[in-house]
Amino acid sequence: GRADSDPDVIAIGSGNFTESQLLAEIYALALRDAGVEVEDPQAIGSREAYFPALQDGSVDLIPDYTGALLTYLDENATAVEPDAVYAGLGRVLPPGLVLGAMSQAENKDAVVVTRETAERLGVRSVADLAPHCGKLTFGGGPEFRTRPDGIPGLARNYGCGFGEYRTLDSGGPLTVAALRGDDVQAANLFTTDPALPENDFVVLTDPKENFAAQNVVPVIAERKASPQVRAVLDRISGELSTEELLALNSRAAADDKPALRTVAAEWLSAKGITGENA
Amino acid sequence: MDWVFRNSDLVLELTGQHLVFSLVPLVVGLLLAIPLGWLANRRSWGRTLTLNASGFLYTLPSLALFVFLPPIIGTRILDPLNVIVAMTVYVLALLVRTVADALSAVPATVVASATAMGFRPGRRFLAVELPMAVPVIVAGVRVAAVSTISMVTVGSVIGFGGLGKMFTEGFQREIPQETVSGIVLVLLLALVVDAALVLIGRLLTPWERARAGARR
Amino acid sequence: MIEFRGVTKRFPDGTVAVDELDLVAEQGRITVFVGPSGCGKTTSLRMINRMIEPTSGELRVDGRDVLAADPAELRRGIGYVIQQAGLFPHRTVVDNIATVPMLVGRTKKAARDRAMELMETVGLDTSMAKRYPAQLSGGQQQRVGVARALAADPPVLLMDEPFSAVDPIVRESLQSELLRLQSELGKTIVFVTHDIDEAIKLGDRVAVFRVGGTLAQYDEPGVLLSRPVDDFVDSFVGRDRGYRGLGFLSSDAIPLGPLPMLSVGDPLPDDGWSLVVDTTARPLGWVQAGPGTVADDAIVPGGSLYAVGSGSLRGALDAALSSPSGQGVAVDAEGRVAGSVTADDVLAALPGARDSAA
Amino acid sequence: MTWYLGWLVDPENWGGPEGIMVRLSEHLGYTTLTMLVAMVIALPLGAWIGHTGRGGFVVVALANALRALPTLGLLVLLFLAVGLGLLGPLIALVILAVPPLLAGTYSGVRNVDPAVVDAARGVGMRGPEVLWKVELPNALPLIIGGVRSAALQVISTATVAAYVGIGGLGRFIIDGLGQRDFGQMIGGSILVALLAVLADLVLGAVQRLLVSPGLRQARTTTGGPGLRLVRGERSEEEAA
Amino acid sequence: MIEFRGVTKRFPDGTVAVDELDLVAEQGRITVFVGPSGCGKTTSLRMINRMIEPTSGELRVDGRDVLAADPAELRRGIGYVIQQAGLFPHRTVVDNIATVPMLVGRTKKAARDRAMELMETVGLDTSMAKRYPAQLSGGQQQRVGVARALAADPPVLLMDEPFSAVDPIVRESLQSELLRLQSELGKTIVFVTHDIDEAIKLGDRVAVFRVGGTLAQYDEPGVLLSRPVDDFVDSFVGRDRGYRGLGFLSSDAIPLGPLPMLSVGDPLPDDGWSLVVDTTARPLGWVQAGPGTVADDAIVPGGSLYAVGSGSLRGALDAALSSPSGQGVAVDAEGRVAGSVTADDVLAALPGARDSAA
């Protein structure tokens, strides 16, 4: 019997990458502004690390992505459309957890190559890449290698088996650096990553819909999900869009490297979500 | 350096966590190492056992230890207790040996004359052997303190706080200033704790200064 | 009184350090254990306070069976002094001395007061009370060791080569100090040394151990010198034992002869040697016959002095042998010239002194 | 526990380009390279400072400061500075290995009985002869103690370097963490610990081979026997 | 020959360890430096092979200016022995001894052969060649130290308290060994000790240092004992100097008396003491007058023996004083009884012996 967290305080966790941490900060600031007691967000790691933390009560609320979470919870899930994914997710979510409203903002996994590779091989989609896969080294996080929509999914859907897999990080600086330096020729990055435009990387399209819809959605422990909390989270989901996410990420990556909390606070007040009670 | 000023709240909080994560294990580890070191010094099997066990623990990668502990000691995944227990294990692994060595370095004649004066073993340990072992133990604690302060940073890889967070975040977001500030802060912390330990050592062993004076 | 009855110590590795030892160390006397390295002196001593457990045999201190006593209790009533004093380097001098009184539950104040007294007893300046052992010379450390052993006023004192780490001059003074102390305190002392000179100087009785842990001879020092029981003791007691033996013979029977004495400025003697003395009749040296007067730079240093009353035949003979004139100078307790003594006088007094010693 | 050990005994995990054999040899390679570079730096420096007695204070201060440098921070900083690859982790690990080597060599040479050094000068040895023929042979136990201590730390810390993308046994821990695969993590950790124990045993054998029996004789009277995995701390304390 | 001319050593902290020392250590002789702790003995010694650089003054070894020589070169030609030998713990005995020959470029084989020879010279069994120093006793280590110093056959040997760490019995044998060696090798030896007995036993001349690094007296040991120049030397030389001084006086003039001798089984004498001897005329002990025959258990151990020819007045007097009969037993080089000597005979021979020594 492990003790649950303080019943009146919401502990927020996130993945250990900038966007997830930003979202967690946004949730935290908005909830606090609404008078809910929250702990400062903790960046935990990959889903494989933070989701168990949510389940064992270490944290109560996390921002997640619909498609990825669905495959994490149900390896055999086939839904790819945003609403279908969201509905499917609602069905497999473990007891004691509930979903907030899904936002329009989407940050999908993607197979990414450099502009030079794209032109040399003449590829625009993963399907185009398939014949070349055997000669290429792929870079991504450790979990991408084993995830159903990761390497196994690419092989199943496109018949693309990479020559070598180089374990790096999940859409982090190692992967970007490796792709830039041609240590790997294709990599798993995320569509809202500001490193993509910065490095002029090419996102290969996904015609077979290997990667399911990845809308941002808050997952929360049921006993902490008061109507007030839900209202705040739903409002945020309503305001978020893919463009907003990109803007948030770009702001965080700007040269002055502002604190994520600052970025979150700026966004919240620009949207008028905070400041109403002040 | 302006990064530190802009994020001073965060830095202060992380420094506080770091101190807890390193000092608590240091104190607990030392308190546990003293009886174990005593045992190691008294019985040959105790010596073999404790020294080999602590030697083995010391070889375990710290990262792994942080992750194993929850299933072993029944804590939650992000419980700070995990870091504290893991670091205590390391401190213990370092200090058992030191305490055993320190005790065995107490001159046999002094121990014999204490025995001959009618000290029973327990009191002799507290009144004679332990105080005389202090200088060597303090030296060992200094080593352990510095290593611990440096090693706690690894916990941030799996989501624990402390100054290591400035490395993981500096890495994620590619902020060299944050990484450098983190390193400097860890060094500073180590320096301050080390200086404090030297001071404590001095206060505990006034006779050592007398000896140094007599040598001149 | 300390009694060994058939005491044997066999160490786990099979070494027999002490073999069937029978020996009685008398009440209020100094018993010295002497012998070559490894002969079991330390082992025998440490069995008395049960620092080492005898393998077999019986051991009593003042009639009480040592093996039936609680060791810590027993040890608090037996003073123990070892080489380099075994002082606690982390405690001040006064706290070192106060250790046992504190251990038996005296108040800190009472224990310290007693410690200060003892510092004076052993001839240490009380201004050193707050120093640490490392700040003392070897001889001073040794005095602290003795004071510490005396703190509980134990009837029995065990001393294991206590003076062997200090230089010869300091050692002599510590030995004399111990004899003075003993004349006041009258403890039962067992003293271990491997220095035969120290043994014969300090011991009321001397036990000579043989390697293998047996007793070769147990006698008064004079007897040891004059009648070693076998070649081992003979060679151990060493050369010069005839001369050394004179140290145990009274010189009372030696007649003092007259001594020609001069002062600086007096005319030199016509013939032979004359002793020059200062105005209080203390000897300055010798001058030889010649013209002129006694001048400072003509004075030849004298030999050793023989102290009438406290001296022995040894002192008298050396005074005679070391004097340039062949006449030894005898002085009284104040150091004033009392007369002369010759080697022939000493030899003449020898048979009588031997008879009265036997 | 069988569940955890299952990973380790599954032959499938041993072969292949990312299998245990490959990772093990990578780990060994990093360690060897690190130790070589660190020894080239630290041994001559420590020996010289110990021999001349000059700069001993600096060694102690430097060794302590280097010990406090967090390896993770260095790895990250070096990644940001020199990018992906082996160079960054190598530098970080060398910095980790230098303090015990330096302290072991310095205090080893420093602690040679002054009477012995005096005698060496007294028979007419010149400075370098004293160092080569007397001080170093006598310092060997402490020097090798420093090597053992450094090797141990490098083997154990090289795992963290997987965080910045290099191979070695640390991959199993980092990957297992990402994939929440406990068997892999525990298996990897056990391999690291075994490697450390093995390396220590091998270095222990080297020590017995190189150190003059005359020194061992003197030592047995004080030190106890038995496997000691943690070496070198003592000598560093003495230097401090 | 070693010459100090106005040599001063002032350490950087201001301590003057040696002050304007003028002294000549003669060719082929043993010169002993003696004095209280800290008086500059070691400093003076170490300036000879430039282990310490003099602050001022001139120092020559066999006429060669020490300060102009290359230090390492100089030291290879000067043997140096220190307390506890300073052996190299990582080298075997034979390699320790071979150090200097190897250093000057001899082949390993030649150096080792020489080392084996030297082991015999200093009385070490060559079976120990492959041992390490830690496997030797203190006395054996000291012999290795001497052998190592002799390896390059240097004309000069410096020895700094070489025997002070070994026990008294071993020390005596090392001292005798050194005297034997010196009689064969005739080195120029400077020997430091703080033991006056050792000094007078070994020294051809003895330099007594005063604290502050000045020379108090530099004389032959007999002169030192009979004529100390001042109170400092007197007190340092110590008591018994008259008796000890007899050790430097020849006993050739002592007449040997007859000695009644018996064998076991002979009837006991009618009167007084008789010496019992074995079949080769070696003394067994004494028996007293009485009825019956000489039995083993009635024999009383004898005193010390006086060796005719090699003995001194000191040995003769002690033999007489330690004998139960008052008659000292004189023996020849083979240990056979040669006659008797009495204390009176010794005293009678004293003035003549003094004159011929002066």
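Order of writing sets the labels: A, B, C, D and E. Residues in every chain begin at 1.
Throughout what follows, a residue touches a chain if its C-beta (ideal position, glycine included) is under 8 Å from a C-beta of that chain, and two chains touch if they have at least 3 such contacts.
Bear in mind the structure is a predicted one, so any value in this text is a computation, not a measurement.
A.B. asks: Find the chain most remote from chain C, comparing centres computed as mean CA coordinates.
C.D. replies: A
A.B. asks: Could you tell me which chain lies farthest from chain B when each chain's centre is the average position of its Cα atoms?
C.D. replies: It is E whose centre lies farthest from that of chain B.
A.B. asks: Go ahead and note the Å separation of the Cα centroids belonging to chain B and chain E.
C.D. replies: 58
A.B. asks: Using mean CA coordinates as chain centres, what's the gap between chain A and chain B in Å?
C.D. replies: Result: the chain centres lie 39 Å from each other.
A.B. asks: Based only on mean CA positions, could you tell me how far chain A sits from chain E in angstrom?
C.D. replies: About 93 Å, centre to centre.
A.B. asks: Would you pick out the residues of chain D that each touch at least 2 other chains?
C.D. replies: Those would be 79, 164, 174, 177.
A.B. asks: Which residues does chain A have that touch at least 2 chains other than itself?
C.D. replies: Correct list: 45, 49, 52, 173.
A.B. asks: I need the residues of chain E touching at least two other chains; which ones are they?
C.D. replies: Chain E, residues with two or more chain partners: not present.
A.B. asks: Provide the full list of chain pairs in touch.
C.D. replies: Result for touching pairs of chains: A-B, A-D, B-C, B-D, C-E, D-E.
A.B. asks: List the residues on chain B that touch chain A in their complex, please.
C.D. replies: Where chain B meets chain A, its residues are 3, 6-7, 10, 13, 74-79, 158-159, 161, 165, 168-169, 171-175, 177-178.
A.B. asks: Contact residues on chain C for chain B in the complex?
C.D. replies: Listed in rising order, the residues are 49, 51, 72-78, 80, 82-91, 99-100, 103-104, 131-135, 148, 158.
A.B. asks: Quick one: in the complex, what on chain A touches chain D?
C.D. replies: For chain A paired with chain D, touching residues are 45-46, 48-49, 52, 141-143, 145-146, 164-170, 173-174, 177-178, 181, 183.
A.B. asks: Could you pull out which chain B residues touch chain D in their complex?
C.D. replies: Per the stated touch rule, the residues are 44, 47-48, 51-52, 54-56, 58-65, 67-68, 71, 93-94, 97-98, 101, 136, 139-140, 142-143, 146-147, 149-151, 153-154, 156-158, 163-164, 166-168, 170-171, 174, 176, 179-180, 182-183, 186-187, 190-191, 194.
A.B. asks: In their complex, what parts of chain A are in touch with chain B?
C.D. replies: So the residues of chain A in touch with chain B come to 2, 13, 16-18, 40, 42-45, 49-50, 52-53, 56-59, 172-173, 252-253, 257-259.
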